[in-house]
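Both complexes shown next keep chain A, but they swap its partner, so chain B is in the first and chain C is in the second.
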Partner chain A sequence: MERRNFIKISALTGVAATLDACRAPDKQLIRFIPEENLIPGIAVWKPSICTLCSAGCGLQVRVMQGDAEVERHGERGLIKMGLAKRLEGSPQNPINAGKLCARGQAGLQVLYHPDRITKPIKRSGARGSGQFQAISWDDALKELTSHLTALQASRSANALAFLARPLRGQRRELIEKFLTAFGAPPAVWYEPFDEAVLRQANLLSFGHAALPTLDLARADYVISFGADFLGTWNSPVAQSIGYGAMRRGRPGRRGKFVQVESRMSQTGANADEWIACKPGTEGVLALGIAHVILSQKLAPQSIASPAASRAGSQIAGWSAGLPEFTPEAVEKQTGVSAAVMTRLAHEMTLSGAAAAIVGGAPLAQTNGLFSALAVNALESLVDANRDEGPILGFTPEPPLSNAGEPAAPAQASFARLNSFAQSVLSGKAGTPQMLMLYDANPIFSAPPATKIREAIARIPTIVSLGSFIDETSAQADLILPDNAPLESWLDSVPESGSFQSLIGLAPPAVSPLHETRPMPDVLLGVAQHLGGDLAKALPYATFDAMLKAALLPLRAQGGSVAAKTDDDFWQSVQTQGGWWSAPAAAGWKSAAAKPAAMPQGKQASHALTAPEFAGSATDFPFYFQPYLTPSFGDGSTAHLPWMQELPDALTTAMWSSWVEIHPKTGAMLGIQQGDLVEIASQAGSLRVPAVLSPGIAPDLLAMPVGQGHENFGRFASGHGANPLSILAPVVEPSTGSLAWAATRVKLARVGGPEQAKLVLFAGGMSGFPHDEKPR
Partner chain B sequence: MHPEHPVQPIAFTHTVHLAKRMQCTTCHVGVSQGPDAQIPNVTFCMGCHMVIDTNNPEIKKIAAYQARGEDIPWVRVYNYSPSAHVRFNHAPHIRAGVACSTCHGDMTKQTTAERKVNLNMGFCVECHKQKRVSVDCDTCHF
Partner chain C sequence: MAHKWGLVVDLDRCTGCEACVVACHAENNVPTVGKDQAAIGRAMQWIRVERSWEGDFPNPKVRFQPVLCQQCDAAPCEAVCPTYASYHTEEGLNGQAYNRCIGTRFCANACPYTVRSFNFFNPSWQKPLNLQLNPDVSVRSVGIMEKCTFCVQRIKSAEIQAEAEKRDLKDGELTTACAQSCASKALVFGDLNDPNSEVSRLASSNRAAKLMGELGTKPNVTYLDRGAWQDAKNS
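Here is the complex of A and B:
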């Protein structure tokens, strides 16, 4: 064919194809009759609650009419409906005051995710094969109730197990009531990074088994031992707001911030001073500082205060002035110089309002409880005895009997999961025969030594109530998909982040896109169907009736909603996005300043124990620290593409995993930026690209958690590696919590950058100005 | 651009409805409230046609749509191409007393709507100048 003819023909066919495509594309899909009447083009902001971490920030959702591609009565088509277009923080909410983090904004992608399970499905192939067939809701509910009645009929109701992410509020209440009335054991609440150690330490030191709420806006000096409080720890949005006010909100008065950690976090990068400390010795460093304060009588009034003597009494040798923790002795253990310690002690006590906080890796050691108690003792020494109250306090529980978790910390979730797995594997009578799964993915997030994968494979019936296929729900026999959070009635009882007691509540912001049903409504329906004790314990047709019944007693408490009738109150709570106590309540400062009564039998003080690690220092020369990222948390938001493409704040890496290695270590082992390396522990090995970063101790390797999914939708599967899969099952002994920073590893280069997939958005950290040139 | 004489799934006649003294806003309820005038869905049509003129073959077609749970797939008559990067909001024009016929022609003489007026930028600017309202670019291009 001549060139000229070829061009003519291709031009003509191209035009024909384009015209064909342009012809009324709407005709390809039918239009369903809209289920709601909205004015097109007008946006409405509706309240909701963020569910992507446990902080419980208030949301406002921009809802506008749009065309959604949906399936109705077995046919695909378009429907005009209210669609969520944008998430922002709710300005009235006491926690986030109109702000929202990147993960929170990605909540939209949970709603519109192409991998959402859109209707009930039943396993059709072998278990775990990923083969499911769609079934109707009637059949799905029939199947679920028939399994439950079979358990009841065979008098083995205690063989029902419920595995879920730790919840607070009425969803937890509902599951607990359901299990109790059914006769099943309590739910296995599982979360790999569950803060049980910190709650236990706070109970002993301050009398509150909760995460602290920090009034950073008033602080002049903050020292944080490993707490990534601007990124992932506790209530990051609330803390970022307070931090902003502390640094720049008071002209002429900028608070100083010191971060102690072995791997530089996003929070550490913000600090005035970053101090690397040997893993597991953070508590020792805190006591070294406390020793200087005590021996030089730098805070004479605080030393005798009830708060300091209470928190101090947890530490052996406190009343004698911590004789073992002289700066010189502490320098040997921690690697931090005695001069720095002395200077920090002086700075802290000379500045106005100082606070010491602890979180993250220091608590994930075998001596985590001791480290937390040590930092708490230092905190009460520098932060007590001020008229305006301390920086560190605790959010008051809402005045409802069943609002939050019980005051005493329950078993750590790792211990719960372990004993669950062992009871299944033991195969004794009364072991779980049926498992209900909700929003927990232990096959991905528990170390392989728990054998949870094998345990779950042995359970005859597995029913998932989640919205996505992940490693754990892929094993399910039946999936009854939940609505997305924006399509659901939501409540939250934030543990921290607010100085007022607070309950978040929101009606669905949008109608369900797909044929899903809210998990609470499914459980309530099943309870009614099974009758008996269950129907009596849960006498509600829908979840909103249960929420209303639970929240109405708050009307008498005043607070943020003034209403004459119950119905007015219920309406106002929904418009406001929750209820909170009046801001002027003096409860926060006085309650926080006054130490609660010492629990009986807990008087024993704690002596220093050296951290223990899985693996010997000769075979496995490096400490290994998996760390949480703002994008993925524990990995449960890795399926959101916005989170995948969000560059890491320090390395700028995205869409992958990597390991952070100090440039000196890299030079010693011949590892260069982007090389493929193998990290091996006693429990397993993995391969990832290397990122040379000066913000890490030379004997430490750090890896972000969240990637390495085998089966979690199109955006997460097959990216990177999962650092939790090489963790040894080391625990903090007093709580049974997973000591996720207590595994030692070895490192070797196995390939060049062409074999690794390292995607960097920009250059990353080149080095510290005061370092010798690292590369 | 869309055709000037689009073929609609239902041979709706504006003439007949307007002759019965119905107002434009009876059906196009969004016109005074927001950007989009809105075309009512099939349930709204059937609100009257459950009882009125039920033997008319076109009305039977509408009833059939409703019975199938489908909305009527109307073909757009007026629209801008996305590359024009322009936004139009009906509500302020209605508030300012601009007659519907200024931009849509005399609907009493049309059966299914036809594009009687070519809504290009010249047309908009001309009218804005006459009425002495803003001709800043970002009034419409934002």
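Here is the complex of A and C:
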């Protein structure tokens, strides 16, 4: 082609392109006016709070100016705005002191997830079909308020139900006030692994209905009964900081760590001594050790201490020295040798500051409360009467009327969900007609026997306030998407992890990327619109006004923020990322929260009950233990690509789920590494690849929770299977908590590695990529 | 005096939590490759946590070990690069000049620690995940070898800042993304030429060892042995 012609043609096509762009404005990128005043290339660190688990770690967010492609009022364009580039722990925060776990750092991908709902949508196809159409915020809010006014008009305000993950702080306060003023029943807070058993046990043993805070940095000896305290349990970052110091923070003094469990967890893998114990007999083992301490008078000064007598009084036979729990008797039940028990009792009482903690699978048995009380009794025996205070304590409540530890533990969330589902399915008058959903996904995370899927399908109107489509919110008729946490006003009242009382608070770190609105502001706006009691109960235009009103009383309390005026105080709290009380001198001595008085008339002590399982040992020969992983938690972070591609600590598996089987069991059933197996319980069956692991009892199968999503975005859907879907609805009777480790299963090989498609980081090269399709 | 950057990995503190792995992905724009590519061993990690199993139930033992580029003084990867893309920096790092790399993968073959990742495809971040990218670190394209840089962007920025303020770098003033996130303080980064730095102190511990030190690669990453209960007095 001649040069002249080429110029002609390109000029013409250029003109055509310009004309084309004029005709279809949605195809061109407009430059919106920047909203903020950031200097290009200069990073600013802003405070925020991690919301990916309940620990409430403080964040600092690296914000830099960048170009983002956004949509505003139906037009796409580029905008210069502050963009979050990195999440690190906040160095001042008393819980995480500058550190952050793998999941917490992936919070960035919640903000930038390609599957986030970017604007209000309304169902346009059949329910659950996934067909939605975009509507304006005005229309969406009009629709929401019209549903609510219709309920009010027909005098059926009690037919409004609210289902959310357990929240703390002002978000919870807001939802509770909203529901009360509206006349609706209290919210259903649902989380399958909700620790109700441990809170109940801690109330009885220690007088605190809360999770414990551990001063591991001072510990010389820690025995953990099933608690995955370095991975997923309680406040893992705070506990990991303490653990590092316990190991090598004091020259010449290295604490010993013993883990008791039947499947080696990531935490157990770090133990100096790992003790396998039959599922459901962990409490018995604790009492066997306590028996040795009591009978050989190894801790003479602790036995009579008030703490030990309180926790001990919960256990039948304690004052008589636990005659039924001789090491020999305990050996028969637990499979742990009497010699080991005796040695542990001696080590524990001779090696300085010792602590016994319990968490995870032992509490998810039908005798979970007994096991917890038994370990608590042992804890009070080995961890009392020390000058610096015990290793195990409780975070003091913030000095606010409406924050902190409840007097009694809330109803177990599984029991609450069950009664909710039953009331919907009963079809009686006054049953829920409208459901508001926020960040809870029971269709994925509740056992099918709850019939929550069927119950939700029956509810005429479902409105979701969440940011993503998941199995539950896919059933919604209307979705008013929330801002991402980094775009929101956040507060947190951490239950544990800090020796100081603490309230986290942070303004939005970045402005909203999409046309979303914060859930609290939506509720406050609706309250104002509906007027009456609602407007009176929630007299705030926006959530930050509500937060400010709630936190200002802290100014008089001193602590981390010294301010002369309320406005100064409010500013400083925001820059610091919260408020905390002055640090205690050392450990718990001056910080210890006061225990609640022993409940009167409830002095009955607890006697051992054998764990019960769903399914007979002959038909279902294996115990089955679902377990939480640091990457996915209860499955709510399975949509983050960083979490999917993070190799599992013990198996290196990624992008898949698997079942851990002992090689002996595998050999017996002809199962090899990577084979496809079927696991069946009374409640259902599933297929997953097998991983042969030496770290699991031969009569136990263990499977990670979090995968097996049917409908949770492009990165989570269609990988692996969901172990919660084959759980029988067994409960711990005193709390109504789901006993998620009390289902028995059977196992069979159904296919080879080609069908199973196990993806491992290590050893993934075994199949040479010769037949791979070019991309 | 010139700096000589080093890292100490205390295996007794490491819990295998892999916070360092995600921190590295976030800081250095390391791409995720998806299930199909991961299945054929193409997942990219500049730092990985290895585990080794010993024994059998009821007495199994696991050891976690974070492995990253050892920044060797006598680096096998550098000698084999035909284009000098793998080179030695003045501060002792094994540098990788992306725009010189032609993708022979000789360096990955030569590295005894298998810590180099190859870009088999152009990385992609589905919009708006691209907004998470760290603007301080270039994104590598198809055919390029990449590896741990000891967060050289953080080193450079701290050095420039210190020079502008006409002062020396302080110990602890800068750290890598992996060490920054490490809750149990298993990873400690610093200047080995500063005898008072924490990393120098730890690297001279009698628990110290080099990974495959017998190969003579002279790594600048030092591992501290786990030790056992009541062994602590020797630390």
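In this section, the second predicted complex is superposed on the first by the 722 of 775 C-alpha atoms of A that agree within 3 Å, B and C clash if a C-alpha of one lies under 4 Å from a C-alpha of the other, contacts with A are read in each partner's own complex, and residues count from 1 in each chain.
In this text, a contact is a pair of C-beta atoms (placed from the backbone, for glycine too) under 8 Å apart; a residue touches a chain by one contact, two chains touch by 3 or more.
The structure displayed is predicted, hence computed values, not measured ones.
Engineer: Looking at the combined model built on chain A, do chain B and chain C fit side by side or clash?
Structural biologist: On the superposed model, which is not a single observed complex, chain B and chain C fit side by side.
Engineer: Put simply, what angle do chain B and chain C open at chain A, by C-alpha centres, to the nearest 10°?
Structural biologist: So the angle at the centre of chain A is 50 degrees.
Engineer: Comparing chain C with chain B, which touches more residues belonging to chain A?
Structural biologist: Comparing chain B with chain C, the partner touching more chain A residues is C.
Engineer: Looking at the overlay, does A:Leu646 come into contact with chain B only (first), chain C only (second), both, or neither?
Structural biologist: second
Engineer: Regarding the shared-chain residue A:Gly77, is it in contact with chain B (first), chain C (second), both, or neither?
Structural biologist: In the superposed model, A:Gly77 contacts chain B only, not chain C.
Engineer: A:Pro114 contacts which: chain B (first), chain C (second), both, neither?
Structural biologist: Touch status of A:Pro114: second partner only.
Engineer: In the superposed arrangement, which partner chain does A:Leu100 touch: chain B (first), chain C (second), both, or neither?
Structural biologist: After superposition on chain A, A:Leu100 lies in contact with chain C alone.
Engineer: Answer with first, second, both or neither: which of chain B and chain C does A:Gly41 touch in the superposed model?
Structural biologist: Both partners, chain B and chain C.
Engineer: Give one of first, second, both or neither to describe whether A:Ala68 is in contact with chain B, with chain C, with both, or with none.
Structural biologist: second
Engineer: Quick one: smallest Cα-Cα gap between chain B and chain C in the superposed arrangement, Å?
Structural biologist: Minimum over all C-alpha pairs: 5 Å.
Engineer: Which chain A residues contact chain B in one complex and chain C in the other?
Structural biologist: On chain A, the overlap between the chain B and chain C contacts is residues 41.
Engineer: Using the touch definition up top, name the residues of chain B that touch chain A in the complex.
Structural biologist: 29-30, 33-36, 38, 41-43, 66, 69-73, 75, 89
Engineer: In the complex formed with chain C, which residues of chain A make contact?
Structural biologist: So the residues of chain A in touch with chain C come to 41, 64, 66, 68-69, 83-89, 96, 98-102, 104-106, 108-109, 111-114, 230-231, 236-237, 240-241, 243-245, 247-248, 251-254, 256, 264, 266-267, 269-270, 272, 274-276, 513, 630, 641-642, 644-647, 649-650, 652, 654-656, 662-663, 693-698, 714, 719, 757, 759, 761-762, 764-765, 767, 769, 772, 775.
Engineer: Which chain C residues qualify as touching chain A in the complex?
Structural biologist: Against chain A, chain C makes touches at 10, 12-13, 15-19, 21-23, 25-27, 32-35, 38-41, 43, 45, 48-51, 53, 55-62, 64, 121, 126-135, 180-186, 227-233, 235.
Engineer: Flag every residue of chain A that touches chain B in the complex, lowest number first.
Structural biologist: Residues 24, 26-27, 30-34, 37, 39-42, 72-73, 77, 80.
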